[in-house]
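First the structure, in the form of structure tokens, and then the observations on it.
As written, the chains take the letters A, B, C and D, and residue 1 is the first residue of each chain.
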Amino acid sequence: MNLTLTALCAHLSALLVLPPLLLGIIAKTKAAFGGRKGPPLLQLYYDLFKLLGKGAVYSRTTTWMFRLGPVLSLATALLAGLLAPLVGAAPLSFPGDAVFFAYLLGLGRFVTAAAALDAGSSFEGMGASREVAFASFAEPALILAVAALAGATGSLSLGAMFSGALWRSFGAGIVLVGGALFLVMLAENSRIPVDDPATHLELTMIHEVMVLDHGGPDLAFILYGASVRLLVWSSLLVRLALPDAPGPYGWAAWGAGVAVVGVLIGAVESSMARARLVHVPQFLVVAICAAAFAVMLSLR
Amino acid sequence: MELLGIILVPLAASLAALAWPDAKSRPLLLPAAAGVHTLLTLRLVAAPPAAAYGAWLSLDALGLLLLAVSSLVSLGCNIYGVAYLRGHSERDNRFFVACTLFMLSASSVVAVTRHLGLMWVAMEATTLAAAPLIHFQHSDRSLEATWKYLIMGGIGIGLALLGTYFLALAGAGNPEGYALHLDDLLALGPRLSVPWVKGAFVFILVGYGLKMGLSPLHSWKPDAYGEAPGMAGAALSAILTGCSFLGLLRAYQVCLAAGQVEFVRDLLVFMGLLSLLTAALFMLSQKDFKRLLAYSSVEHMGLLVLGLGIGGTGIFAALLHFVNNGLGKGLLFLTAGNIHRAYGDKTLNHVHGALRRVPVSATLFLVGAFAITGSPPFGLFISEFLLLTSAAGAGRWAVALSVAGLLGVIFIGMAGAALSVAQGEPPAKPLCQEQGESLLTTMVPAAFAVALLALGLYIPPWLMDRLGAAAALLGGTRP
Amino acid sequence: MDQISQLLLVATVFLGFALLGSSSMSGCVNLLALQGYCLSVLPFFLHHEEHSARAVLLAAGMAFLKGWLVPRILLHAIREVRIAREVEPLVGYVPSLLIGVVIVGLSVVLGQRLPLPPGNHSGLLVPISLATMMMGLFLTVSRLKALTQVIGYLVFENGIYLFGLLVFRETPWLLEMGILLDVFAAVFILGIVIQHISRQFDSIHTDKLTQLKE
Amino acid sequence: MRLFLLSTALLTAAATVSFPSASRPRLAGGLSLALLAAGCLTGAALALFVLAGGEVAPLGAPWPVPLGSLQLALDPLSAFFLVPIYTVALAAGTYGEGYLERARGRLDASYVRFFFSLLTASMAVAVCARNAVLFLVGWEIMALCAFFLVCAQDRKPEVRRAGFVYILCTHSAILCLFVLFAVMGSRAGSMEFGAMAAALPGPGPALNGLFALALTGFGLKAGFMPFHFWLPEAHPVAPSHASAMLSGVVLKMGIYGLLRFISMCSSVPPAWGLVLLAIGASSSVLGVLFALAQHDLKRLLAYHSIENIGIIALGMGLGCLGLSHGNGLLVTLGFSAALLHVLNHSLFKSLLFLGAGAYDQALGGRAIEGAGGLLRRMPWTSTFSWVGAAAICGLPPFNGFVSEWLVYYGLLAREVRVSQYAMFAAAALAMTGALAAACFTKAYGALTLGEPRGPAAERAADPGWTMLGPMAFLAAACLGIGLLPRPFVDAAARCAQTLGRMSATAGSPSLEGALRPLTLVGSVGALAILLAGLFWLCRTALLAGRVVGAGPTWGCGFTAPTPRMQYTASSYAQPLARAFDGLLNEVTEFAPPTGYWPRRASFEAHTPDPVLDRALLPASARAEQAFVRARRMQHGRLQYYLLYVFAFLVFVLLWKL
């Protein structure tokens, strides 16, 4: 691994510090679209800080599974962040890490769903059910996107696939893959039109309802983990589109790109309604098809 | 000496049975005579006498094979018969015992004679002797079965006689004149008249094939086997069919000597496949387990002629299969008889849970069912596998494939019935004394099962040698 | 002599036709007896070079058995079991006769495929024996009553006997013994069975004998 | 090879010893278990010795049976398959003693022990046999033992049905093998595998026909998709430790056979690889989909076996493609993925079946809907089962991921790209993984999480350590392979190289490049555990000294929730079931609540198997009708029987004379 210490530190600090900010950007964008002032940009930092300072109430139904969910899902999110390139090479990079990345996220989902079921509430069960159902469609889209990029670049490492250097040879494919990944990202991170993070009706929630019973530090872990995942996904999109340049310029470009993705998400959320749950699979099938076409293009 | 002994001892015992006054002790004649017969046969197997050219009674490898199988199976059946007849003391067993022994004597004649005319007479005798065995139950159904058996058997034996005449005519025109002695016919060989040899083979095939129960000539078989007592079924399916198979083999030998094997082959393969098909058709969801065994017999007769038709190692396979089938049928019919007795019924709708009602018999029945369908590690697996290999080796892929397919269907029928009988909840009605199994009624099938297993795991070299010699007589080769 | 043997052979076939067309039970038995007599004298004319004791004995035995004893047993059975005197064919009389014609034609065709064995002067023997045999078979197939089936079987046996005459000269005694034994035993045992059948079912109609089926 | 014979003898002794001592159950159990353990350990030691590069001289003895000879040999392929056989047999056998103890009165212990030990011995013989007759004998004894294990509780009608379906399939399989070996052996003039391999025909219809026979025969055993239908019938009804053996190991014998056949072929047409890929993709996706629709825990696990067999088939398909394109790296990757997944699946699937057995005994039934809250009541069983569940979903840091990663690598990496279809198989595999996660959160959640839904679940308790110990061992093995994959992968790769008839060094640098990341995968997995532990400690530290309360689950405003109102397994699976309705064809019976004061309402859903229930049973019913019609031939009239004779005689005379 030819990774300098500075690059590693930069990667780690970006990964650890920036995620809540991205959610702030999204919230600001939505507020701007709605003509409101909105919460402060750093709201999630305050929330996390407050939550970490609280005590906890655990349901009498729950077991260690319930307590495992938040910590393991946060751990997987952070490890996924180590595998994904932000600027320059990722700290952990090896051929086939793309698959590992996908399965780490899967592990996080698995424990979150199990923790939700552990509470024994029908609402949380419902959320877990939807989460895993939609993941079944998101996962093949993700792997097909990876396959397309692997076909185009000849490498199975995230760092090489998401290098932004493919526009000339694989432009159409990049568009398709980018679209697919964007859709998958919306689904995986519970954004509109798949899920509405701001809803207050449990029956329509997915991710939020799964964590209804968590509180205090656990909820902090969950919220933080979710924001880390969103940042990692956004970073992948940025790296797909922008050429990579190490050093401060690279970081600047990357930061701008991530902010744009945040604004984009905010824009989508402001302009669309949440889709009916039965239509979500169709939405994801679109992503699968886009990625499949990209694979065909990559094979030519 | 032994040759005369194996004919005369059972014959004398049979006459003695007719004269024997006491019905209770009469059945003891059965194992006594069969025991002596087996001892003499063992001496013959251990040291086969040199074949004397032109003698009427002389034992070759093929005859030895039939003799050994029929002697063993009838010994088993006759030991079993003591217990069986004890359970049916209300019925007069005079004719039953006499006919059983007479059949043994006649089948010994078939095995040791070299004269085809004499052989035919002995064959006729076995046919007639079997009729009282089938009719032993004295019910409407057994009467009907006997009637059908007699008429069809009579026709078959008549056709075989015609075939024998044809053989005699085939040798006409030679200076030696007419010949019905096997040695003469073989010596004439290519000088035999081809059309007459062909005609002879056709008539003998149809005649003896009818007695063997090859499809489409098998129609009497399910009725007769279904209504006969278990031990008679075993004797019929091992001895009677064995005798007729030997008759067919003799005709085959003549054809071989006359250089007419090619003409025979297609016919045999055709009949073999047809028999398998018929068995498959009728065994699937067969409701009566004794009739099922009859169709299984049709199947195995089909396999025998199939092996003969394939030639080469197929003939060896057929002969090995003949031995295995005799043992397997003995096992199945005797255990089926036990189960029939324990339930007073032989339809699958009423017989369940035999593993709990008659555990030993049911286990053996299950073993027999798996063995007879060619599952390893039983003897029939070796012979069936050898058969398939020789079919494939002869380039008859389609035959091998269709045999395997039909065996699959047959397995469905056989396993379905055997499992339905053995497994499940037995009826609540308790078992009365004479319905249960005893040491005597389970010992014999158990011995057959052990023999079948042994033949699957180890075929003694002397048996290989005898089989090889027998196959060589038919132009077959040892694998 | 040859001419007489030819005539006898033709008579045998015609008796076969008559059997196919006969509607009365006892008439059938009488025709069978007549056929038996025909066959019993045939050896004298067929093998005219010798009138050995063997031939005489055979003829006498045949005449006794086929001409007298067997018909007597059958007639006795008919009286004893009080069966209706009609034959009750499955196939009507006229079609039966037509099939008989087909059978004769078939036998001629088959007979031509077989070379005539030396020492035989009558080319009719092989086809006529085949035809008689097949007619017998056809009778067993096409008639409903158990007794008529026995008659058919006996006709079939007659055909075989006719064929046996071809090899009569050189074959040993044993063979004839076989034939005679066969006929005797068959009638004897079949008679017993018919007795049983009539006692058990009050009839010898084979419709009663169809319990055993799939 | 002496050791192998010793091990087989010990196993056979373990089988037989149980009967004479049946009157003293403790002694019988102990003695049988000791012999089983000795046999398994001896055999496993031998297998490991071979896998570590040791050579064992083959054993050849004449066998006085036509075509037969006692040829036994241990090459890496055989040794690799021996490992799961002995490992699972040991674990399941130990567990079985506890299981039989608790099931006394319902199961005949001697009967089960006999067939279990014999099953182990026969599989070992089949794997080492180098003569077709010996192989077939071992194979059929295995099949029959498995059949009798399936039928251990034959009083129940569903057990009899399952047993019947199973025995039909296994016999059809062996008939295919009869023909296969008959053809191969007759070409070679010998039934030795070596001679057969030398006499195989070149590429062409003949070779493809043989492949079709092998695929059908071995595929029926392995449970490839159209041939899978017996599996969800047979596996659930066996005693659980036998199910573990059946699902974990016996299925793999089909894989072994197919691999052995492929290793005999000197040339492999590309179509074979594609066929295997197609079978693998369809088996894995459909297997997991149908698993999702099940309510019976063991039936669900059985469908998952189909899924995993599909993954193995994907690996084999890749290996075959590698063989036909001469790509050594792909051969190694594909076959080692398949082999490693064989090992992995045998570990986690047997673990899950053992857990299912414990649940079954605790609840008195295999239905998952009535359970719940067992993680609290059966903590150990549930913890070990959780490991199995995570492993079968292919999640890191467990062993399932390692082999799936290898498959992905073979499907996607550029240096091994020989077919464009492989990429789409990757999508199928991804979908399988996600669906498996859905399925196991469903099953695991319904069983062990939340509140008990019935009285049986209330009273449930962990079994003793005879049963827990083997589960712990298997769970540890799953985690161990996941964290330290290299030695296992290397062993599989060596086998794969001998399979592809390559010298062990060929393609080494690129292979090393492909396998090196696995070390990293293992360590990152360990890192995940460490990180999670760290956060756990953080939380404990944060919460130290603060108020940590316990209360009811938040009912979203509803004040009187009952355990029955928890989300059920069926409702959990419903979104997916609806999305795949066209494939699953779920049958529902719904009596909706009516009126103002509805008294009863019911909803029932079950998913019939597409092959067995929707195709084979109707087809066989129709065939039976046709047969009944054909059987009127035998209608009881003697006249017609005689007519057949007459007609046949005339026909033959006209044909032949």
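Simple rule for what comes next: a contact is a pair of C-beta atoms (placed from the backbone, for glycine too) under 8 Å apart; a residue touches a chain by one contact, two chains touch by 3 or more.
The structure displayed is predicted, hence computed values, not measured ones.
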Pair sharing more residue contacts (C-beta pairs) when C-D is set against A-D: A-D
Distance-maximising chain from chain B - centres being C-alpha averages: A
Interchain centroid distance [CA atoms averaged], chain C/chain D, Å: 69
Intercentroid distance (Cα basis), chain D paired with chain A, Å: 35
Chain centre separation (chain B, chain C; CA means) in Å: 31
Length of the line joining the C-alpha centres of chain A and chain C, rounded to whole Å: 99
Multi-partner residues of chain B (each touching 2 or more other chains): 147-148, 151, 155, 195, 199, 222, 282
Chain D: positions in contact with at least two other chains: 631, 634, 638, 640, 642, 645, 649, 653, 657
For chain A, residues that touch 2 or more chains besides their own: none
All pairs of touching chains, each written as two labels joined by a dash: A-D, B-C, B-D, C-D
Partner chain D, residues of chain B touching it in the complex: 147-148, 151-152, 155-156, 159, 195, 198-199, 202-203, 205-206, 210, 216-217, 219-220, 222, 263, 267, 281-282, 284-285, 313, 316-317, 320, 353, 355, 370, 373, 375-377, 381-382, 384-386, 388-393, 397, 400-401, 404-405, 407-408, 411-412, 415-416, 419-420, 423-425, 456-461, 464, 478-479
Complex contact set, residues of chain D against chain C: 628, 631-640, 642-643, 645-646, 649-650, 653-654, 657
Interfacial residue positions of chain A with respect to chain D in the complex: 52, 54-65, 67-68, 70-72, 74-76, 78-79, 83, 92, 94-97, 99-100, 102-104, 106-107, 109-110, 113-114, 117-126, 128-130, 132-140, 142-144, 146-147, 150-151, 154-156, 202, 212-213, 216-218, 221, 277-278, 281, 288, 291-292, 295, 299
Chain D residues touching chain A - in the complex, by the definition given at the top: 372-373, 375-376, 379, 386, 390, 393-396, 401, 404-405, 408-409, 411-414, 417, 420, 423-424, 426-431, 433-435, 437-438, 440-442, 444-446, 448-451, 513-514, 516-517, 520-521, 524, 527-529, 531-536, 538-539, 542-543, 546-556, 561, 563, 565-567, 571-576, 578-579
Touching residues (chain side chain B, partner chain C) in the complex: 117-118, 120-121, 124, 128, 131, 135, 140-141, 143-148, 150-151, 154-155, 157-158, 161-162, 165, 168-169, 172-173, 177-178, 180, 193, 195-196, 199, 222-223, 226-227, 282
